[in-house]
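Same chain, two partners: subunit A is paired with subunit B first, then with subunit C.
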Partner chain A sequence: MTIDQYLFALFALLTCGGAISVVICQNVVRMAFSLIISLASISALFFLLSADFVGATQLMVYVGGTIVLLIFGVMLTSSSALLQIRTSPAEGFLAAGIGVLFLSVFSFTVWSVDWDRNQAKLAGVTAVDVPPQGYNEASSGNTVRPLAMSFVGLRPDKAGKAPGYLLPFEIVSVHLLVVLIGAAYLARTKRRVSAES
Partner chain B sequence: MDAIGLNNVLAIGAVLFVCGVICMTTKRNGIGVLMGVELVLNGANLNFVAFARYSSMGLDGHVISLFVIVLAAAEAAVALAIALNFYNNHLTIDVDRGDELRG
Partner chain C sequence: MSLILAAESLAEIINSYAECDASSVAIAAVIHVALIGAFFGLPAGIFIWAERKVSARIQDRLGPTRVGGRFGWLQAVADGAKLVQKEDLCPKDADKPLFRIAPYVVVIASFAAFMFLPFTDGWSAVSLDVGMFLLFAMLSLEVIGVILAGYASGSKWALFGGMREAAQMVSYEIPMSICALIPIVMAGTLNLNEVIHYQSADWIGVIPPFLHWNVFHPVAGPAFIVYFVCATASCKRAPFDLAEAESELVAGFLTEYSGMRWSFFFLAEYASMFLVSAVAAILFLGGWDDGFGIVRALKGNSTNVLDPGVIAGNLLGAGVLMLKASKLVLIQIWVRWTLPRLRIDQVMTTCLKYLLPMSCALFLAAVVYPMALVLGTGRPQILPLSNDVPAAAEMSTSSEVEVERAAADGEVT
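Here is the complex of A and B:
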């Protein structure tokens, strides 16, 4: 086994263990901590898959932003310390059974597809066989420049034959502005209306 | 190329998705439901990045996973504001108590 495989096995175990302990824990603060472990390990998996910019964004936005937001939510909504709202054991067993069935369906589906043959067939139909340049070991860590160029609408990696992402980028930026205003409007403290006014 | 393998990454994505769905359906804490949503989105993200690495999807998978991360952050902000409003009205975060619209 190479070092890549050892690291992949370690971070895969951490990811799955964190996700399972999010499901199992009843205390919401422990759930948040398990979620931090799981999301940080997912960003390590992104780095192992040579998606360096996506991994860095995952670390900054998810682990640094979204989780902090969730922990603030936990703090602002817990009426007592160590808040626990338990689900009944029957519901837990039912959910575990359904989850095992779900997971077995997904695993069977994933392992029964021959991806290489699929890829060859796709290349034969579309007559475009672009090797994933820049995302393999030979030139790993080279994704920032193509990503930035695709966000302003240029696609040098596909020789200009594929569309860029300028319009979705603009839509997402307007969406973020709307979400900012909407969240501030929803979360503001309402002024209490007295009966006589 | 075959140091990790596509199927292993897809299996991890499947585990994350199933854990997120179970978390969304069984947790009675509203913040726990939000954590389940985050797990599901991360499973989808992992699949996108894996296909970007092991197929000719290339850059598109990275771009889509970046959009997913940004939209998940926006969703968390709005859902947290809704959860705070729910807590202000009901003085609890138990989602089973929010049944006034039941027909």
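Here is the complex of A and C:
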């Protein structure tokens, strides 16, 4: 086994362990901490796959953003009813059923892939080593410009043949705008009607 | 970032002597970790001592004078020895596992961000195309440890401190990131070392190279000030130290901590002070570029890492970066002991009503400014370009033309 494989085993274990302890824990803040471990390990798995940008986004959005908001929200509204979550047996059965269904779908998908054939295919794709571009090289350029270009719908790296990501990007931004307006509406101070009027 | 690749070049050097692949990778990784550990721990110790001396100077005292001879320069070591001996307390009402783990979260987040710092040209543990993005992602994790500490202490002071800290760090992160984006947009890369390359230049006639630093750019200059204010706030330094306001909250989220766990928070605070200052130096003050072309002259065109000229240039560059970052840390210390603490509503007003619109306007200006210059003067910058920069500029414009052509093709098909 190479170091990569050991690290993969470690982070995969941490991911699963964190996820399981989210389910087992009853205290919301401990759940959030387990979720942090799980999500951060997922980003470590992305780094192992050389998907730096996805891993960094995972850290920034989920661990640094969502979880902080979650803990913050829990602390602002901290009351004993919210801090301890108890599930009824019916909910447990329902969740377990859905979980088993998901697991079976995933395992079916994983086992139906012919890994040996795909190994050769993947090696062919990932072996193309694109040298990093920079100002100190004669072939200087911009390191993240292709990514930004693809977000506004241009694919210079694929000679304009592949589709860009303009539509998903716009949908996400409109969605975020809706969320922002909703949050502002919920958070605004509601004027109290005085008792006399 | 294959984690192995992080140690690649050093591993190759070791490999050329020892010819054992796996162990040379391991040795290189250990050297990397030890070096970053040194850069993480040493500045923290030095700045704790500097903070004591500077604050004493400002308050007309002497500060530490005895430990280690004349200037009390061993004070940080003595403090550490004292803190190690202290009892590790855990309050009865605390959430014990979280209470114990919170200091480590803060230290690890701060330490991990050091991985992406280019200490000099090519000397970084992990050189990434998205280094800047990942560095800010790591920095944003620090707040989790503080919130956990605030919650898990089982104390009202700590809870209030943690909540204030969360509100403050989450809101100051926004203008800080937008200001950090300005040099990124100007250089067109998220790789920190490339941002420095963008700012380093040779002498052109009588124009000294340091005029190419972003801080002398009409848009990025003000952005540097906004960035530095936000960076000070994100390190929870006075005048933004609401999270541990002694006069109101005892010590905020630190109230229940003692001994080593308490000192971990301080280690992380001073280390991240140094980190944000180093990032400011890299983004706006030219990083390892000394401003008079000495590093570039020493390095020449040699690509061999073990060339004496390259090593000398790299060492000088590392010293220059350390000097710039230390100066900025000293400014943070100076500000802390000069200005009074803001109220929490003033802190939020400063961020959301002033710094955030300022950073957005500056970002817009940074994008529009080169276009306006091109319309007015035909060139994207005022300074004359040096020998290798025009090649880069031409390359990018030609690639843009290709992009437009490709886009036109795409529309046609």
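Observations on the structure shown:
Methods note: the second predicted complex is superposed on the first by the 138 of 197 C-alpha atoms of A that agree within 3 Å, B and C clash if a C-alpha of one lies under 4 Å from a C-alpha of the other, contacts with A are read in each partner's own complex, and residues count from 1 in each chain.
Please note the rule applied: contacts are C-beta pairs under 8 Å (C-beta built on N, C-alpha and C of every residue); 3 or more make two chains touch, one makes a residue touch a chain.
On a predicted model such as this, the values are computed, not experimentally measured, just so you know.
Of the two partner chains placed by superposition, only subunit B is touched by A:175; subunit C is not. In the superposition on chain A, A:154 contacts subunit C only, with no contact to subunit B.
In the overlay built on the shared chain, the residue A:37 is in contact with neither subunit B nor subunit C.
Once the two complexes are overlaid on the shared chain, A:4 sits against subunit B and subunit C alike.
When the two complexes are overlaid on their common chain A, residue A:14 makes contact with neither subunit B nor subunit C. Look at A:92: by the touch rule set out above, it reaches subunit B but stays clear of subunit C.
Put subunit B and subunit C next to each other and count what each touches on subunit A; the higher total goes to B.
Looking at the shared chain after the overlay, A:50 reaches both subunit B and subunit C.
In the overlay built on the shared chain, the residue A:63 is in contact with subunit C alone; subunit B does not reach it. Overlap of the subunit B and subunit C interfaces on subunit A comprises residues 2, 4, 48, 50, 53, 57, 65, 69, 72, 76, 78, 132, 134-136, 143, 155. Chain contact summary for the complex, subunit A toward subunit B: residues 2, 4-5, 8, 12, 15-16, 19-20, 22-23, 28, 31-32, 35, 38-39, 42, 45-46, 48-51, 53-54, 57-58, 61-62, 65-66, 69-70, 72-74, 76-79, 83, 85-87, 91-92, 95-96, 98-99, 102-103, 106-107, 110-111, 115, 119, 122-123, 128-137, 143, 146-147, 150-151, 155, 157-158, 162, 165, 168, 172, 175-176, 179-180, 182-183, 186-187, 190. Against subunit A, the residues of subunit B that register as touching in their complex are 1, 3-4, 6-12, 14-23, 25-32, 34-36, 38-39, 42, 45-46, 49-50, 52-60, 62-63, 65-67, 69-74, 76-78, 80-85, 87-88, 91-94. Looking at the complex, you find that subunit A touches subunit C at residues 2-4, 7, 27, 29-30, 33, 36, 40, 47-48, 50, 52-53, 55-57, 59-60, 63-65, 67-69, 71-72, 75-76, 78, 132, 134-136, 138-145, 149, 154-156, 159-161. Subunit C makes touch with subunit A in their complex at residues 1-4, 22, 25-26, 95, 97-98, 101, 128-130, 133-134, 136-138, 140-141, 143-144, 147-148, 150-152, 159, 162-163, 166-167, 170, 187-191, 193-194, 197-198, 388-389, 391-392, 395-396, 399, 402-403, 406-407, 409-410, 413.
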